[in-house]
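Quick one: the structure is below, questions incoming.
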Amino acid sequence: MVGPTAILLVCCPDQRGLVAKIAHFIYSHNGNIIHADHHTDGVADLFLTRIEWEVAGFALGRSHIAEAFETYAQEQGLFPRPEEVRWHLDFSDRVSRLAIWVSRQDHCLLDLIWRQRAGELRADIPLIISNHDQNRAIAEQFKIDFHTIPVNPDHRVEAEAQQLKLLQTYNIDLVILAKYMQILSPDFLGQFSQIINIHHSFLPAFAGANPYQRAYVRGVKIIGATAHYVTQNLDQGPIIEQDVVRVSHRDDVTDLVRKGKDLERMVLARAVRLHLHNRVLVYGNRTVVFA
Amino acid sequence: MVGPTAILLVCCPDQRGLVAKIAHFIYSHNGNIIHADHHTDGVADLFLTRIEWEVAGFALGRSHIAEAFETYAQEQGLFPRPEEVRWHLDFSDRVSRLAIWVSRQDHCLLDLIWRQRAGELRADIPLIISNHDQNRAIAEQFKIDFHTIPVNPDHRVEAEAQQLKLLQTYNIDLVILAKYMQILSPDFLGQFSQIINIHHSFLPAFAGANPYQRAYVRGVKIIGATAHYVTQNLDQGPIIEQDVVRVSHRDDVTDLVRKGKDLERMVLARAVRLHLHNRVLVYGNRTVVFA
Amino acid sequence: MVGPTAILLVCCPDQRGLVAKIAHFIYSHNGNIIHADHHTDGVADLFLTRIEWEVAGFALGRSHIAEAFETYAQEQGLFPRPEEVRWHLDFSDRVSRLAIWVSRQDHCLLDLIWRQRAGELRADIPLIISNHDQNRAIAEQFKIDFHTIPVNPDHRVEAEAQQLKLLQTYNIDLVILAKYMQILSPDFLGQFSQIINIHHSFLPAFAGANPYQRAYVRGVKIIGATAHYVTQNLDQGPIIEQDVVRVSHRDDVTDLVRKGKDLERMVLARAVRLHLHNRVLVYGNRTVVFA
Amino acid sequence: MVGPTAILLVCCPDQRGLVAKIAHFIYSHNGNIIHADHHTDGVADLFLTRIEWEVAGFALGRSHIAEAFETYAQEQGLFPRPEEVRWHLDFSDRVSRLAIWVSRQDHCLLDLIWRQRAGELRADIPLIISNHDQNRAIAEQFKIDFHTIPVNPDHRVEAEAQQLKLLQTYNIDLVILAKYMQILSPDFLGQFSQIINIHHSFLPAFAGANPYQRAYVRGVKIIGATAHYVTQNLDQGPIIEQDVVRVSHRDDVTDLVRKGKDLERMVLARAVRLHLHNRVLVYGNRTVVFA
């Protein structure tokens, strides 16, 4: 089997030679590429790529790759407008640290924990934050620290300060809003931005509150769920994954909720896995998913 | 095989005994039920049913069934509040008369014609109306009358009068807006209301103009199409059928349009077929589809 | 909300008047039907129905309904060939008793337990049987009795005797093979036949062992899962539910297994729920699913 | 918009440096890559790639690219074991020539013609071959040559000789068996091998004759269609595309056939388009689809 790999994600203005030069950087250090996928967005005139190669046999030590690539990029003129470039290097055996935020519902929480235990997610889950106490038993059962931080308009600043402190203390890489059902302030998002939310509708349909109730009233024949990065505009962030399920006149709101739960946990889990495997590149309000 | 059948659709306030009494009406005249499906909407407190039985062997002649049922319903007290009741009797060998309205695109038009020729739709298509001349050749090829009625805000009243006249002349039962892309006035809809439209998005997402462009900008991972009855509120009518297809960052707007075309013709064709087979009951802004 | 209901499932040779007469039986005792769905299989000349009505207000006590219906059916000549008739009466508040059989994999087991705890399945789960000890901790965590019965060709008779004894002791209504991966003998099936299995392929494709490996070798673009009743012919029993997921050349066998797990637990859970809600009628090797 | 492009497909034993070297070949001649997708099959130890770059600005004339790449590959040692290498160069503005073979059904034929007319398929369709005369009118309507070649076990050799002659005469690149329903001999396939077939089931389920009838008897809840390259083993060739649709007990064989037709034409059209856009690489009995 393949051992640990290095993964390079790049988003930059398009120009000739990018594939050749980036691949040459890896090859010149004896790297063995096992996955490479490039996308050119002709509308935005951007080049987006994901390249993955084996660490074993690579001539550069892990801690020297980023600097070497930086130097190489300058020499080769890869990024003439550095301010428009984002690139990111990661390793397939790095274990991310997740904080799961929940409200009263437990289906997405349990599903993520089960998948993490089953080895589907390359991550630890040291922390659960909730505005209710309801899911504490689950946390205890799986020996995950659980912090209840009530949400109250009058004490929002304090609550968010407390939340941010926990993210730091636990050294969290990614927050997952697993049916957290609360809005985060621009201030908060300015300080921590790696956040994935699951919205219980096929966005942009039924953005906002009570999507299943509104889907029922509208009489749709299909319902959906959407996993997206959180931005300051509610339910407007870049979409990572969506899926749908068929419903009929026999389904009342309760049935929509039940069917939706299965969608929500599947869609959220897929999005989290794609993110953890460095398969998602955000640009503007869009994502490239190198699936 | 089964010969011609009678189909009874009923939507009325719920009460005990409706299934028994309606089925008894059919049985008491020696009818052989081959399909019966009932739905109770607990929220609206309505009973909705579709019953289909063989004409052969039925003791009542076709032209006497409706009157006999009316009388029976009164005797049995089926419908204590007649103003809240709608029922409809049809026969499976009645051939509906369709007018297809198109603009420049031809994919839904051709698809419907092909299905009608292939025997999938129990209907004749004597009339095509368009605001452009573009699809006249198709009409001629299939020997369907084609009328061009330009749409112009200044002459809308005249245009709609002309359209209504044609629907009368051709004795049209159902209008299909097969990518007609124009809005009909409340006046028009007051005079002719059996109209099915195909909208090129997963409603209520991207109601209105340019749904594919807007879906591209929003970065959705799935696009859809929606067939619905036309009401005075644009893209808000009762939904008959929806379906979706997955897209990715590799798809530009042109690809969304191309993939969407396949959705549009499938979804529209299914909705038209369901309507023609008397499988759709509208109540409020919802439909029951007895599929 | 609707209170407890009675559900009558009937499968019998078709004849005129069945809908009317069965509905009349309910109405004549003041029953309020909330769901009724009938199907006529023209090929097999069978009538299949599911009728559900409120217990509240019904003139017959629960324990007298079956006998009264039997008498009524005789008087009315509903079932002239009784040997070809199967009917079944159940109540929506009866709680079924499930035994889940597993091997080493835990995803279907955990999923069913979670759904039962979440109120999605109208059932108790007092018993887990396994041929391995692996999942004992899960059973203990949820306080479910766990019995390990090793499977060994030389001691199959004893093992099955032990299994049957447990089913009796725990008064089990339904066995769920949640990735049990072992074959049951005709003898066993002769003594206990209410068994649902999940097969990890889109049957009849890849019946038998190692379906994901074989799907990979065949290069399919879609994989599936199938929930079916167990019969003496391996993977040939009546299908209750199937679903599929798209795969690509990027997916190796490990990926198929991972994606398949999500399918397996969804499809199995849907099938179990349909069965518990008396929505499945088996006839021949087919099912009617009154969804 | 992007002008004409060159597309290079390569399948070869994996080694370090392939991405870098192939991309360098293009860059060194001033090529602007607009699409590049690589796949490493770890099981077969193969590297498979599709690279597409703009013809405009490329330093080599179209007719010199292949030879230059051959020379470059030798110099760089890209392909140490040439007998295990297949590569293919094509241009996005080359128009393929298709022969559609049909039997009595017309839905796939009409669909392909419609898509070709609508600009979805980069191809001409100069020739239709059938074993029946039934679809001649369609051919005439669209001004496509139509040849009836009856299939008769006693004259198979002559018939296939006649068919091969037509493929040569019309300079055909790709044969599409659009519900041709006849088997081609190994001899024929030895002489012409670019053939796509649509099979009306979810292969490998229901390979062979009468799949819908058999699907009905088996009581499946989902039916499918499969587009694959034709090989000497009936219905066993490399799969390009598959899709499915849900069915229920309400669907008899006629309904399966009707629903299946929609699947067949969609799946076949997608496969043909993928092939024409050089997005399919066959290796062993598998395909990589660079979608």
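Letters A, B, C and D name the chains as they come in the text, with residue numbers starting at 1 for each one.
Here, contacts are C-beta pairs under 8 Å (C-beta built on N, C-alpha and C of every residue); 3 or more make two chains touch, one makes a residue touch a chain.
Going by UniProt, the chains are A, B, C, D = Formyltetrahydrofolate deformylase.
Bear in mind that the values here come from a model prediction, so they are computed numbers and not experimental data.
K.L.:
Per the definition at the top, count C-beta pairs in contact and tell me whether B-D or A-D has more.
P.N.:
Result: the pair with more contacts is A-D.
K.L.:
Once the Cα atoms of subunit C and subunit D are superposed, what angle does the rotation have, between 0 and 180 degrees and to the nearest 5?
P.N.:
An angle of 180 degrees brings one copy onto the other.
K.L.:
Measuring between Cα centroids, what's the chain most distant from subunit A?
P.N.:
That would be chain B.
K.L.:
So, what's the distance in Å between the C-alpha centres of subunit D and subunit C?
P.N.:
Roughly 42 Å, centre to centre.
K.L.:
Please report how many Å separate the Cα centroid of subunit A from that of subunit D, as a whole number.
P.N.:
37
K.L.:
Would you give the residues of subunit A that are in contact with at least 2 other chains, written as numbers and ranges?
P.N.:
39, 42, 248, 250, 291
K.L.:
What residues of subunit A sit close enough to touch subunit C in their complex?
P.N.:
106-107, 110, 114, 118, 120, 141, 248, 250, 258, 262, 266, 291
K.L.:
For a test of understanding, state which residues of subunit C touch subunit D in their complex under the given definition.
P.N.:
Its residues touching subunit D are 39, 41-43, 48, 202-206, 217-222, 224, 238-244, 248-250, 252, 285-289, 291.
K.L.:
Name, in rising order, each residue of subunit A that touches subunit D in their complex.
P.N.:
1-2, 16-21, 23-24, 26-28, 30-40, 42, 51, 246
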